[in-house]
């Protein structure tokens, strides 16, 4: 078993088909933003405190009204059966065991109701051309007991993920978009030129997503509403006005606009704009407990963790990965002299 | 076919003679400025916007009174028959198909009239020792229907391009400076020590080009006048006073003064000086749609695209390359949440 | 014999078992902070002075009331018999010969009394769960004639040193924590999964070390009290209020919180806060006389030197290493035009 | 023949004994400052001007009352017969042909009088323990017609040049310190442990050189007096007060204090302090005409060129190297749009 959360990637890479590994690991374009996420997190420094009488650091918090044993949620990620036959259910069970929310993807390969029954969940929503389908998804998520609605706002189209294009990546027969059994589904399956995943997105997603559409969503649900994929503080302020409860500062793990800043570098201006009034989560690049400390010391209230949990899922042990991450976070807090997350937020940060 | 504009270079490198590849790819001196152009563009970040209701981004603009389907022109580049037997005519046809101006080089290997008949064109002018020839070129360009005159101001002599020197690069018999059939022409052809191209330049170009000479040009033509090769904002202001309509912020693709700043880094001070009163284009290093977004977000009104189109020309498919670039630009605008180029100009930029 | 202090590491690496070499060389986590220490010191510049009439630079100083021939002390380091059968006694004798204090580790593999008899010593204290043992250690150190008490404040738990974890590193039978023969001792010896050293620390150390505990220590001894492992200037001020006489700005050689700033980068704000009222030493990364000049020019009153002396101990020649370092310091002072350490403190510094 | 000044180094490396190559190429310590000199010059940008009507850039200037065809002098360098049997006489003749001053080293392997007869020369002085010898050298240089006295102030001892130490470098029998035939001479010749060059320096040089000694020199000669090896602006002001006419901002090519800033980075503060009142030359790292433009754009009045000319001397063609450098400078000035050196000083500079 890997000793660190970061250790799951090389371990999984050894057991996965190359095209699946590329689908998970890859970014868009020249992967400048993908690499920038890690370079920025590595370059950030956090100055530890001492003599804080810390024995058992308290990692609990509440994110969007959901109590969390750790300041994180499992990021929404499509098609988890690509990694493991049990897919979403195995990762959601791990989240439940770890006491953190699992964010169900619109593109989950297991029906959302089954996942929501397995773990405290939030539901992630893409803006689809079929408005009835969007409405139905919101209703289904609400009825299934999801605790929040996370609307992804940075995928008008899919970023050009050259690894998938060159691999001609398509979903295998046993993996489907389980929540979206409709006329577009077959597009995923058609190996041809380019990425079948991108072809499906182009067909199914509505790029013309607008603030007006968001108002429609806001009226449609009483669930806490969080926008995923915000980087510009002007948009953060508009989101606050539009009634959003939270934001995820994210560049989609370097998979959308290749040229976007590192999410951690965009965080501060968003926090300055709305940090006192909204829940702000940091996504894109988190690979360790120390990374969580960096994000929180820079003002985030919590983080999303994505790829490392897919690697652990591929190995069949996502619960172990979350256990490892929890230990890393507690160790980092101990070493940084922090009794709780408020103390983490008070740490001085720098940058190489 | 390459999936990206940047992909044409390796593809073309596989089919071109090494000396021609070097002539296109190389820079001057230690190639510090050549590499700096790319390093600077890679390091620039642009912060995307969201929920802008963007479906079909509008990429059209007007540059120097010329309507453009994309905010770019094909950079003036010499001797395009080195890359393909049809040379300038094939690339100009691609520009016409893409709806962007083609800038005819003084050193085109096809007579300017033939090119201007094939595409909406601007004419690029070098300042030659033979003043009658300069005047004749302006007259010919005007009569041929060129829509603007782009005067290159950064080639008093040719920068020392060591690849060409070491290759003893000379033009093959079938490639000529078609607009300049004069006493100097043979210099191009003489393989000897060093670069025959540089030898020709030393004979034919007048290094003592002055603001007074520019006034002479200004009086000579009513065409919009744009100076190519400006980096210092003091020169930008002088150019404005001298009646120029536009500027190209450029270090000649790293081929002239090796030590010049990256063009994209010099852009801001030029924009601050004259950006409201002149058309300012960015040249040197543009390799993708995301790069165009970066240039426009930093204040440029458009860009010149050079080497990538020569690589595509070598493969016989410059139109495909422009199609790819148009798609990259639209995708980048969609991903950055921009409905039009004004929105691009409003994006926040940063730098690693 | 290596010509430079830095040269002892490769020489020792050739004679040590890999696991011992890793135990000494390694850092925690991804070793970001370990590498940052060196990168920061390499990047710092110091501007030499001229014509200072310097012939024999005066390197003497007083640190925590202890006269020192060089502005340094031998850092406290555990289990020196891992490197050489004579262990601490050989290195302490070298310190005595060089005229610098030797800091006895709580985890020395030789009883502290024997070491203190061999060299002018300070005693380093870890905060153990067994409070009687802590008290006894303070009493023993005082009775043995130690001149200062250095309390390590950055090890509530041991940082995750992956090299040791992967090596399953445990102490060999002949190496013991000679000052701590108690119920936990055997933990060091048990090869199993992970680092036996870390297992021992987890059992024996009390992570809940507090400022109140420090007050208890302060009352318990009249020795000069110095806290090792401070990086945040707010903690420096609290330490001053708590009656500490000195501080060691240190990230434990990159072995504790991986994400901490380079010690040399954290130095200035600590100096600004308390530099006029406390003795401030710099630890973590010193590898040459020029490094000492850098630390002192940045405001430190002295430094701790650690790993290089262990490498020299492994070769059986720690006295040679201290001689080399003394020569390097004098040479650096001569080349920087400094007659004494006050002149070093007046040098202008920069950073690449 | 190399096409560039920088090209002489690899060409010479192929013909020189490794120990001589190392003696010329090496720096002190970890060679941090050696590499920093080049990294800093490469990182500096200079923004070209346009349309300056420049045809034949005027490179002439006057340095320390000496008319110079180029804004440079040949740096003082010891033992040039190591590179070529004719040694100093061949390089001095090249300087004379190029119209630039040749700086005779105290440690020249040819008597200073012979060199001064071959070229317009300055004399470089080390501060030796034998004060009569120092006085005699000043008198000899004056009588020989040297036009300036350049006093090296950054060699109280020799920096530890590890390449020489490891090579056990000693002078071959046919190379002597021709101006210093005295009791120390034999030290150069004794292969033993370490560098025989350093051993000689330790014996012959007086590290306790002081401002008072400089006053003695100032009174002793009416020649223009320039101090070589200044980096701190406070020393520059003292030098002005002491009656010096010029300064060389230099870190001795990275051969003395390893940790010093790049000379080009130290230049600005020295220029700010005394640039209007003294002649300030930049030494350390100049390898091209573009580098000279960078130095002058940063405020230097001229530069010293060292190692590249030794490489050319090793190939027997120092005159060609100076011709190449003159061409590079004129080309760089043309490309930067500068009619003369005053225009160069007006260029805008930046730094990556």
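Note that the chains are named A, B, C and D in the order they appear, and that numbering of residues resets to 1 at the start of each chain.
Quick note on the criterion: a contact is a pair of C-beta atoms (placed from the backbone, for glycine too) under 8 Å apart; a residue touches a chain by one contact, two chains touch by 3 or more.
Everything quoted here is computed from the prediction, not taken from an experiment.
Traced through touching neighbours, the fewest hops from subunit B to subunit C number 2. In the CA-based superposition of subunit A onto subunit B, the rotation angle is 90 degrees, rounded to steps of 5. Relative to subunit A, the most remote chain by averaged C-alpha coordinates is D. The two sequence copies subunit A and subunit C touch through a face in which the numbers common to both fall below half of the numbers used overall. Centroids built from CA atoms put subunit D at 42 Å from subunit B.
Residues of subunit B in contact with at least two other chains: none.
Shown are all chain pairs that touch, namely A-B, A-C, B-D, C-D. Against subunit B, in their complex, subunit A makes its touches with residues 29-30, 32-33, 36, 39, 153-154, 156-157, 159-160, 162, 165-166, 194, 207-214, 227, 229-232, 234-235, 238, 251, 256-262, 265-266.
On the subunit A side of its complex with subunit C, the touching residues are 3-4, 6, 42, 44-55, 288, 290, 293-294, 328, 331-332, 334-337, 347-348, 350, 352.
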